[in-house]
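What follows are several structures.
Shared between the two complexes below is subunit A, which has subunit B as its partner in the first and subunit C in the second.
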Partner chain A sequence: MESRETRLIAGKGQYADDLDFPGMAHLVFVGSPYGHAKIVSLSVEKALAVPGVLAVLTGEDMVAHTNPLPVQANFKSPGWTWRLADVYAMPRDKVRWYGEPVAAVVAEDEITARRAAELVEVAYKVLEVTGNALEALEPESPKLYDDWEDNKQVHLKFDFGDPEGAFAEADQVMHITNREGRVTGLPIEARGCVAQYDTKMDSLEMWGSFQTPYLSRHNIAATLGMPEVKVRINAVDIGGAFGLKIHAWKENVVALASKLTARPVKWFEPLKDFIVTGPHQRDVFWEGDVAFNNDGTLLGVKATVTHDLGVESTNKGIAALSIFPACSAVPNMYHWKGMHIEGIGAVTNKSFYCAYRGYGKDKGIKFIEHALNRIARKLGMTPEAIRLKNYIQPHEFPYHQINSYVYDSGDYPGTLNKALEMADVDHYRAEKEKCLEEGRYIGIGVVSAIEPAGVAVPNCQMGGITQARVQITADGTIEIHSDRTEIGQGSEVSHAIIVSDILGCKREDILVKRVTSDYIGQGPLSSRGAVYPASAVAKAAKMLKKKVVTCAATFLKAPEESIVMEDGMIFSIDHPEEKLTYGQLSEKALFFPGPRGLPVEMLKNHDHLLDVTTTWYSPTTPESGSSYTSFCTSADIAVVEVDIETGATKIIKYVHVHDAGTIINKQIVDGQIHGGIVQGIGEALSERLDYDTDGRLLTTSFSTYLIPTAVEAPDIEVAHLETPSPFTETGSKGMGEAPIIGSKAVILAAIEDALSPYDIVVNDSPASPERVRKWVVEALKRQEEAQ
Partner chain B sequence: MKMQVQLNVNDTTHQLEIDANATLLEVLRNLTRHQSVHRSCEEGECGACTVLMDGQPVNSCLILAASVQGNRIMTVEGLMKGDTLHPLMKAFTDELGLQCGFCTPGMVMSAYALVNQWEEEVLSDMDIRKAIEGNLCRCTGYVNIVKSIRRAKAAKDAGNWW
Partner chain C sequence: MKNFIGSRAIPDLVYHCPENMEQLMDLLGHIQGHFKIVAGCTDFIPAVRGGRWAFDDGLELIDIKKIPELKYVTLDGDRIRIGGATPLSMIIGAPAIKERAPGLAHGLTTMASPQVRNVGTIGGNICMSSPAADAVPSLLVLDAQVIINGNQGEEKSPLDRFFLGPGRNIMAPDQVLTEINFPAPAANESQHFQKVGTRDAVVISIVSAASWLKVDNGKCQGVRIAMGSVAPTPVRLPGAEALLVGNSLTLDAIDACAKHASQEITPITDLRGSADYRRDLAYTLTKRTLTACMNDLM
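Let's look at the complex of A and B:
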């Protein structure tokens, strides 16, 4: 079978925008021009009068024909704040963020829909905007949701280990603040789908850029008030996702439009809308104290992280859920005595918050890695020395971290030492000193991280659900089903490799099926692909292998233990000249002679088909409560040169050493590493969603929201360790997020090191040229004043 | 306003009735059905809609279809020989120079223009990076794309090219 890569490069991709159905209508959204306003009146008459317009849906239609959006995560528990808003896919009386859709125009073609969208007349009464989290938490701040006491959506409080004891015995305490700008993952393809409502069957089928079809089915069915069994969601080729396409919301409106017009309806989102009304991330402010001893021993942390969640309108708790990993990631890969971490989420008049590569793990680790570098500098230690002193050691696994995570395996010192060797840090440190004499500023950043992967938490839709099926068809080809959509991260190739290794079948005889809502699962999120779905697929293949062996032993009249499967052939080691192909075996088992030719026991057990559907759940989570199953490790070292006149940062060298356990396919793992690192570099240096004081987003295109181009992206040197995870079926660990976690932290660390002669603390991102320049000017002023 | 145009795409002439203000991107996607040409930013920034016009990469979202009647337009479909991948495309699949694949056809066209016209012996990584600067990719970090293009140059040097 033609590989996915061959198909895509030949231009035969089938992305959402390529979907075309007979009689298909097109939907275009109308967005609010204000950040916060009352809808005084809304008239669709002129739009409806345009020839070719079929319908205009508004908030009134949402109330009339749909349910409020369903709850996706609910952690109401004693002592914690956890608020949810009762909202519809489009609002009836109030807009809460710039771009929020107030109407959807459906027309015969997209151009007509666009023209008619301009004729939807809305009168607004502008309200005061709540512009950021700290403002939102002020008592006099305007409230976003009338029935809430204030704008605080979430307040979580965690005590890990013995925080008081840690601070009581510490030689020193350092105060740390750290801020991150608001960003978006922004794949090059925006969201899109086609909905087809069958009015005879009262059923709905959708195709599109769905990262998690099973969850989308649940949420879309709930919104439309349909039984889930009457809804089917199909993922097509997805032009990148990074978490941003998990959450269906505008898609609900497209589904309703199809139902009301009895036509297939297509929506392909303009890129600008994807930035303005898409999921956002980061935008946090950390403040806290780190306790340590004079010899560099780490003891404890007391810190609070405040999140600017934007509106709580569309994903009902999933945004707030990311505050858990932000808090729990702080211990990273070190020994600690105790921590007290609080996570606050405030709502503001900005687009909603949802998943993006990292999902909070990045935030906790960035905070603590920044703190470690500052402590090391204060103590006169190298950044590697403080890490090597505090690492959990290879003999300590499985390690029960103070936050209740169970770390599976790893060689933390080995990973960092390998990176130090590759980066030749001594050379660059000497270079740094030499360059300083010439007025050039070289910096070396060192960061190491674990990546908690494969989430399974209670009280939400991210509970650790997964299902897989492996079937040998009558002609001997093999199909694999799972919940793991292909978003460019290599699901299809990985699953084909896993199954061909277990069954000894040929890769070209395997088809990894496109993911639909037919199979239960969270899909690829939280880097769970190599943890949950891959384990379920491997488990199904192993179960299937047993059946193949029994059937083959029967047909070849040989003992089961003598059966060998390799390179697509099945035979007994006792009679290797008599071989069956998978096609021959399957035809025998199904038709000639069929089940009656199989062992009696197999038939009595109803176990005769070469088809296995199974599920998988983490072996560590049930007893330990560990929210994650695998913890891959990475060490990043970056060397940068900062031009203090322009503020520009140039990356001279980038080294990444990775330990993701058993590697299924090195090319894929390397590709994930390269891509994640460059996204992190974008976040560290240039990406920022900027709202003005009226709540309007200013950075709505690639010319203002600056993702790295090929020229800004560095060469990246990668090396691997392979410490298998004892807890997954394949020994592999989830690894999609580690690269972004390490890279954004290490670039900032390197800049701070470069600017160390000025004593500049790089605790805000992005470290854009204008910001670096500002820091330098301020530092020069401080130095002048001191003299 | 509708108008009749003749467009040469991948050496095939198409006789079409188009809106006078239709972009080349719209016409390629919707009328001649070259869906490898992808729509994203529609303002010439992302490069997902890159095609070759007389051998030079252009953003088809910025060009009126009516204005390119005398020009030769080329898309990735035109690089194929039947079902056989062009050596440049093969280099991309060998080096995994694609992940989600959405930016890929545009990227391949820019890369083709670069390698095809490069007369000198050495093609540096920075030469490659500059040539694809207008093609944004969010998945690969460009590392394997640069490798793919380097490999394609080697294929061309070895006489494996068309």
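Let's look at the complex of A and C:
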């Protein structure tokens, strides 16, 4: 069978915008031009009068025909704050962020819908804007949600280990502040779908760029007030997701439009909509103290991280949920005595917060890696020395970290040492000194990270649900079902590899089916693909293998233990000349002679079909409460040159060493690493979502929201260690997020190292040329004043 | 205020793509109603979709990209002549530019992406009259002249008198920029261009700067300095130039000239950069481009 890659290269991709149904109408959203305003009046008459316009939906329709958006995460714990806002897919009375949809125009074609969208008349009464999290928490700040006491959505407090003891025995304490700017991810394809409401069956089917069809079905059904069994969601080819497509929000409006117009309705958003009304991330302020001893031994952290969440997420609670991993990731891969971490989330007049590669675990790691580099500098240690001193050692696994995470396996010193060797840091350190004499500023950044993967947390829709099915059909071809959508991360090929390796069948005889809501699971998010779905698929394949062996032993009249399966053939090692293809075996098992030819026990156990559906759950989570099952490791080393006169940074060398356990497919892993690193570089140097004081987003397109191009992407040297995870079926670990964590942190660390003669702290991102130059100018002024 | 719409509809257009100058002139002579001349559409489409430009249905769009008489790069005696609809990539690759005006070629390679440079034209970049037009500072310091044609006949103008403000220039709507020409730099002349953006490629400059020097016996016989994104139009900096011309070229002299340049401009603070940063960059880029020219010649 044609591989996915061949199909896509041949132009046979079927992405959301390729969907075309007979009688299909098109939907375009009309957004608010204000960051915060009351809707005084809304008139759709002129838009409706445009020939070809079928309907204009507004917030009134949402209230009349739908429920408020459902809750995806809900935590109530004494001493914690956790608030959820009662919001609909479109508002009726008040807009809370620039671009927030207030109407949706449905027309015969997209151009007509776009033209009519201009004619929807909305009168607004502009309200004062709450522009950032720190302002939002001020007592007099304008409130976003009238029924809330203030703008604080979340306040979590964690005590890990013995924080007081850690600080009591510390030689030194360093105060650290760190800020990350607001960013978004940019899949090549924005969001889009087609909804088809069947008025005779009262059922709804949707096709589109859905990262998590099963969750989307639940949430769309809940919003529309439909029985879930009447809703089916189908993922089509997806042009990237990065977590940004796990939610169902505008999709609810598309579904309602189909129901109200009795037509298939398509919505496909321009990238500008994606940036302006899409999920945002980062935008955090860290402030805290790190306790350590003079020999570099790390002891404890007391810190608070404040998140600018924007408006309540379209997945209610899912933004707030990301504060858990932000707080819990601080220990990273080191020994600690104790920590007290608080996570605060404030709502502001910005687009909503949702998942984006890293989700939150990135934030804690970036904070502590920044702190480690500063401590090392203060103590006169190299960045690698402080890490090597504090790493959890290979013999300590499984390691119970102070935050209840159970680290599965790894070789942290080995990973970093390999990176140091590849990067030839001694050479670059010598080069740095030499260049300084010429007035050139070279910096070497060193960071390392673990990547918590395979999320399973209570009280939310990310609890660790997954299902997989492997079936051998009557002609011997094999189909695989799971919840792991193919979002460009290679889930199809990796599942095919897993199954072909276990069953000994030919890879080209396997079809990994597109994901639909028919199979239970939270989909590929939080790097769970190689943990949960891959384990479920592997487990199903192993169970199926037992059946194949029993059938083959029967048909070949050979002992089960003699059965060999390889290269698509099944035979007994005792009679290798007598071979069955999978097609022959399956035909015998199903039809000729069929089940009656199988062992009696198999039939009595109802175990006669070559078809297994199963599930998988982490072996460590139930008892330890560890929210993650596997922890891959990475070490990043970057060498940069900073032009102190312009502030521009050039990456001279980039090394990434990665340990994702057993590698299923190296090309896929390398692809994830390259992509993640480049995204992290964008965050470090140029990407920023900037709002003006009226709450309008200024960076709304590729000319202002500056992601790296091929020109800015460095040559990335990658190497792998393979320390299998003892806790997954394949030994592989979830991966894909460590590269974006490490690359952002390491570029900033390298800039700080380059600017060390000026004693500049690089604790804000992006480190854009202007910001870097500003730091230099301020440092020069400080130096001048000191003389 | 207008509704936020991620992408606005392109109006119903009457699209004309004349094959030669005769067809163009004929079209301009007869056309009724509202029309707009474009040369490649690399600015037109994003401007309309993004809502910066709005046109009514029925707009007559005249795309001059196919006119062969407007696509050339020649060395005509001591003058380099470039047709108004010449794609940027064609200019970069032209032997006359590579050999006689490598600074211009370098400047053009910093613009947009290869794909856009294959479609976008030099005339389009000039006629858009953006303060940030990256082709313009180099052309200004090369003392370029533009030729404008229309049914009222041909006009010539020095490029430094062409721009009137952001997006505004001396051309009437029914005129076409047919040629840009400039004296081919001699052996004792050099020109350099540099820009700074928030990233390296496909980026609008925060500041762009070009310098041209003519040196004889260590003395500056001629100097031109021009910048983009520091004023309502791309500008020459005569005050800074006056500090150098006729004097011995030294790093100190260049430094003083660059300092003056940073004060001569009138930058604003916008999304791409603050006024202070722009002055700072103006100093650095003036110093660097002048030094590069000096190093070529001394």
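One rule holds for everything that comes next: the second predicted complex is superposed on the first by the 786 of 787 C-alpha atoms of A that agree within 3 Å, B and C clash if a C-alpha of one lies under 4 Å from a C-alpha of the other, contacts with A are read in each partner's own complex, and residues count from 1 in each chain.
To be clear about the criterion, a contact is a pair of C-beta atoms (placed from the backbone, for glycine too) under 8 Å apart; a residue touches a chain by one contact, two chains touch by 3 or more.
Bear in mind that the values here come from a model prediction, so they are computed numbers and not experimental data.
When the two structures are aligned on the shared chain, A:E5 is found in touch with subunit B, with no touch to subunit C.
Of the two partner chains, subunit B is the only one touched by A:H674; subunit C is not. Using the contact criterion defined above for the overlaid structures, shared-chain residue A:Y98 touches subunit C, although it does not reach subunit B. In the superposed model, A:P270 lies in contact with both subunit B and subunit C.
After overlaying the two complexes on the shared chain, residue contacts for A:R114 are found with subunit C alone; subunit B is out of touch. By the touch criterion defined above, A:L19 reaches neither subunit B nor subunit C. Once chain A of one complex is fitted onto chain A of the other, the partner contacts of A:S703 extend to both subunit B and subunit C.
Look at A:P769: by the touch rule set out above, it reaches subunit C but stays clear of subunit B. Contacts of A:V30 after superposition on the shared chain: subunit C is touched, whereas subunit B is not. Looking at subunit A, you'll find residues 111, 270-272, 701-703, 709-711 touch subunit B in one structure and subunit C in the other. Listing the residues of subunit B that touch subunit A in their complex gives 19, 29, 34-36, 38-43, 45-46, 48, 75-77, 80, 85, 89, 92-93, 95-96, 98-105, 108, 125-126, 128-130, 132-146. Per the touch definition, subunit A reaches subunit C in the complex via residues 28-34, 98-99, 111, 114-115, 117-118, 120, 122, 124, 269-274, 276-277, 645-646, 648, 685-686, 690, 698-699, 701-704, 706, 708-712, 768-770, 773-774, 777. Those residues of subunit A that touch subunit B in the complex are listed here as 3-6, 8-13, 15, 17-18, 111, 185-190, 237-242, 268, 270-272, 487-490, 667-668, 670-671, 673-679, 701-703, 707, 709-711, 713, 715-716. Contact residues of subunit C toward subunit A in the complex are 1-10, 46, 49-50, 113, 196, 198-204, 206, 271, 273-274, 277, 280-281, 284.
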